[in-house]
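Next come two complexes, and both contain chain A; in the first it sits with chain B, in the second with chain C.
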Partner chain A sequence: MAIQRLFIANRGEIALRIIRAAQALNMETVLAVSDADRDSAAARLADRTVVLGPAQAAKSYLDPRLVVHAARESGCDGLHPGYGFLSERAILPTLCAQNGIAFVGPEPDVIDSLGDKIQARGMARAAGVPLVPGCDGVATAADARREGDRIGYPVLLKAAAGGGGRGMVIANNGDEAEAGFHRASAEAVAAFGDGTLFMERFVPEARHVEVQLMGDGKGGVVHFGERDCSVQRRYQKLIEEAPCAAMPDHLRKQLHESACALAASVNYRNAGTCEFLFDVKRQEFYFIEVNARIQVEHPVSEMIAGFDLVQEQLRIAGGAPLSVTQDQVKLSGHAIECRINAEDTARDFLPSPGRITHWSPPQGEGIRLDSHMSEGAMIPPYYDSMIGKLIVHAPTREAAIDKLDAALADFRVEGIATTIGLHREIIAHPDFRTNRIHTRWLEQVLLAERKGAAA
Partner chain B sequence: MIEIDDNARRAIDNARALLDAMLAGGWNEVCVTGEEGDYFLARQPGTVNPLLVVEAALPGPAPALVAVGSAQFETLTVKAPHVGTVVWLAPVGQAVAEGEVVARLAVLDETLDVPAAKAGKVAAQVARIDDLAEFATPLIELAA
Partner chain C sequence: MTQKPTIDHPVDHVRVLMEEFTRSGIATLHLRSGEFELLLSNDAAAPSLLGGQQAAPVAVAAPVVAAPAAPVAAAAPAAAAPVSTSVPDGAVVVAAPNLGTFYRAPKPGAAPYVEIGGRVAADDEICLIEVMKLFTAVKAGQAGKIVAILAEDGAMVEAGQPLFAMVAD
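Here is the complex of A and B:
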């Protein structure tokens, strides 16, 4: 049965995005807020807000019991978790199911198994998806050395329960593998409460490519093409593009088929992303992980597909089958997204919370801004620093870069430091223009050049 | 000439008395709330007026002084520390010790205690049973 009243358990631009999608489907909306977000743009747009707790996320947005209680007691029959916070915690759909609320996401067991990287690799292997050479369990420092010797250096030690770069170490030889084991395991325990590690061959100069999926839990799975998210700093994406212009068509087809096969093998329900490492030199791709939620960068896929992924999520969570077949998904042009953060790039990306004294975003055909900011808005210091996503769409990559450059030049924000200037530098760089980038390019090349120029 | 009524005259008298007390006491600021009005005075360069601030955390704002006859009591508003359904409130008139439970909130199938930050007597139940109390919703007024 279609959702009538939706609870939005998130904040910022994604909360606004979800409210708008729900309102387009004639749903009522109830927004969870912390004390710091009582007057946010999303709070003004929602039909009702419920203040969960104080500003600290651990006592508000990250407490699943408060979230589900507020949803139930405000009469909601659906709950959208957005991204981050509780979006990939199985406890949230579990509590929703116990309280008669439709969760906009996968079943709890699917979240659990996909969230465990070792289990997810096993599922990918079973579905015939290529894996980067590696091993699943590294229990001791001696294991790390032995497996590293077998796989061939450099290798990457990763936390099984991890994400966001935490619990991740590169080792170039046996000694580094042993030392890296201790460091990665300690980091993993501190961040995730689980020190289990696995090891993969490290591909220098790899690209991060991911496939946007949608499944209805009734056997239907479609993809909306792939995204290239290779411009990263400390494993955090800054710029995302669709499609991956560096990938040849025959490989792209295999990539899409692999992602769909994996999603179909677990009868996947919801929007999801299957992430891959693309080894350009070898012309091979390897499975990384599945993100069982809507992602920050979903708008670039929406722009090339002309399709609203969040609305489709809401329809499917209400019990509807996919509204499109794969043949009906038509991808055209090129889209690029910049994540605009309130950070001072001259001071090692120090967060820059505060009040926006001037806000003048670009406008025009093929330009989209997903943001919860406006003139006079206050950026609280408690949450992540993203203040918006600027997305452009044009017939070709070159035209999209030109459009993005013009849009960034028009984007005036005062009162806080932002990453707008850095984005202009990135897209003006010859390596970006000629598409010769990789996941460590930003740090190894552009930011290193910047540092050199400043010295 | 402006005509003023008894209430306004009393308010002016109270404000003058307060100003005198402030000057004599050397205080930088004073805030009093009571049945005859709320007052806030501060010396230069001034500070945030607590009467205009929505307090948002347990145990609530600094205790205010309530004038009852010639005696003065502190009042303390006990607020919801998180969202929850009100299932029990201490009865009016009950004396409570510091840390004693004065309200209970249900969160799903769990009942969570809300303690008093100070000893006192329950002056009023502000919330109602079965209400969904959001964070910082006043639950109980305590006279300490």
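Here is the complex of A and C:
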């Protein structure tokens, strides 16, 4: 049954985005806020706002019992978790089910198994999705050389027992693999009491590519193309594009098929993203993980598909089948999104909360801004620093970059520091223009050049 | 629009400071800048800026969720308060620490914790807030007399919503 009254368990731009989608489908909206967000743009737009608790997320947005209690007591029959916060915690859909509320997302057991790296890799392998070539139990230096030779260098040696950077070594040839084994294994023994190593191919210049999926929960899955999110800083995406212009068509087709096969194999329901690492040199892609939620960068897929993914999420959660078949999904042109953060790039991206004293965003055809900000708005210091997403759509990547540059130049924000200037530098860089970037490019090349220029 | 530097909104700064202070675990923070002076302390017996009497910020900083004394009075105007007009002059408000269902009695059928006109000590429990079968008692926070009950028994209340008005001793 279609959702009548939707509870929005999130804040910021995505709360606003979800409310608008719900209103377009004639749903009533109840927004959960913390004490710090009483006067947010989303609070003004929602039919009703309920204050969960104090500003600290742990006592408001991150408390699943509090959230579901509020949803139930305010008479909601659906709940959208947005992204971040509780969106990938199985407890939330579990509590929703116990209280007769339709959760806008996958089943709790699917969230749990996809959230577990080892289980997710097993599911991917079973669905025929390529994984990074590797080997689980490297026990001797001779093993390390033999497996390294088989996998192809460079390889990464890691402690099988632990995570983090400890006991991690990169080897470029057989000799380094043997020497690296002794070093990494000794560190692993010291840190975890177990010297067994895990080896996988290391891709020094990889692109991050991901496929937007929508499933009906019964094995039916449609994809909305892929996104390239290779401009990253400390694993945080800054710029996302659709499609991945660096990928040839035959590989793109395999990528989409792999992602759909994995989602179909678990009867995936609602929106999800299958993330891959793309080794441009070898022309291969490898599974990373599935994100079981709507993602920050979903608008670039919406722009090239001309399709509202959040409205589709709400329809599916209400029991409707997929509203499009794969043949009906037509992708056209190129879209790019910049995440605008309230951060001072000259001070190591220090967050810059405060009040916006001037706000004049760009406008025009093919320009979209997803933001909860306005003149006089306050950016509280408790949550993430994203203040909006600027998205452009044009017939080609070149034209999209030009449009984005003009839009960024028109974007005036005062009162706080923002990443707008950095975005202009990135898209003006020859490496970005010619599309020769990778996930470590921003830090290794552009930010390094910036530092050099400042010194 | 005229440009306003953020310093025009000192309340925002104080909120940020309080948040950071609570998180830091520091016992006392004393800040002075021009005419502005702020003392945050976790110690109720700490000397106050007003000399002798407790200044409001001192109580605000105390991380005692169940004893919302002074901060509540400050937060009350912004809260969705259906009957806040009935707060008598000079009374302070005890507000809900978080969203939940408001119960005036310890269990169904039992007598309410407190009635209008009843006297309470600071540590007295005066109502329950339930979140998914988890019941949390709310304390009066200060000694005094209950002069109004501002929320309906069994209704959902939001964080910061006034529950009781009381006149402190």
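By our rule, the second predicted complex is superposed on the first by the 389 of 455 C-alpha atoms of A that agree within 3 Å, B and C clash if a C-alpha of one lies under 4 Å from a C-alpha of the other, contacts with A are read in each partner's own complex, and residues count from 1 in each chain.
Note that in this section a contact is a pair of C-beta atoms (placed from the backbone, for glycine too) under 8 Å apart; a residue touches a chain by one contact, two chains touch by 3 or more.
Computed from a prediction, not measured in an experiment: that's the story for all the values here.
Undergrad: Would you mind checking whether chain B and chain C clash or fit side by side on chain A after the superposition?
TA: Once chain A is superposed (C-alpha atoms), there is a clash between chain B and chain C.
Undergrad: Look at A:357 in the shared chain and tell me whether it touches chain B only, chain C only, both, or neither; answer first, second, both or neither.
TA: The answer is second: A:357 touches chain C but not chain B.
Undergrad: Looking at the overlay, does A:415 come into contact with chain B only (first), chain C only (second), both, or neither?
TA: After superposition on chain A, A:415 lies in contact with chain C alone.
Undergrad: If you stack the two complexes on chain A, which partner ends up touching A:27: first (chain B), second (chain C), both, or neither?
TA: Neither chain B nor chain C is touched by A:27.
Undergrad: Of the two partner chains, chain B (first) and chain C (second), which one does A:53 touch, if any: first, second, both, or neither?
TA: Once the two structures are laid over each other on A, A:53 reaches both partners.
Undergrad: Which of the two partners, first being chain B and second being chain C, lies in contact with A:335: first, second, both, or neither?
TA: Neither partner.
Undergrad: With both complexes overlaid on chain A, does A:69 touch chain B (first), chain C (second), both or neither?
TA: In the superposition, A:69 contacts both chain B and chain C.
Undergrad: In the overlaid three-chain picture, which partner chain does A:35 touch, first (chain B) or second (chain C), both, or neither?
TA: Both: A:35 reaches chain B and chain C.
Undergrad: Look at the residues of chain A and decide whether chain B or chain C touches more of them.
TA: Here the partner covering more residues of chain A is C.
Undergrad: Please indicate which partner A:95 is in contact with in the superposed arrangement: first for chain B, second for chain C, both, or neither.
TA: Both chain B and chain C are touched by A:95.
Undergrad: Using the superposition described at the top, list the residues of chain A that contact chain B and also contact chain C.
TA: The overlap between the chain B and chain C interfaces on chain A comprises residues 34-35, 50-54, 59-60, 63, 65-66, 68-70, 73-74, 95.
Undergrad: Under the stated contact criterion, what part of chain A meets chain B in this complex?
TA: Contacts found on chain A: 34-35, 50-54, 59-60, 63, 65-66, 68-70, 72-74, 95, 99.
Undergrad: Where on chain A does chain C make contact in their complex?
TA: 34-36, 38, 50-56, 59-60, 63, 65-66, 68-70, 73-74, 95, 353-355, 357-358, 375-376, 378, 381-382, 414-415
Undergrad: For the complex, which residues does chain B have touching chain A?
TA: Checking each residue of chain B against chain A gives 56-57, 81-85, 106-108, 110, 132, 134-136.
Undergrad: In their complex, what parts of chain C are in touch with chain A?
TA: 1, 3-6, 8-9, 12, 15-16, 19, 75, 78-80, 97-101, 130-132, 134, 156, 158-161
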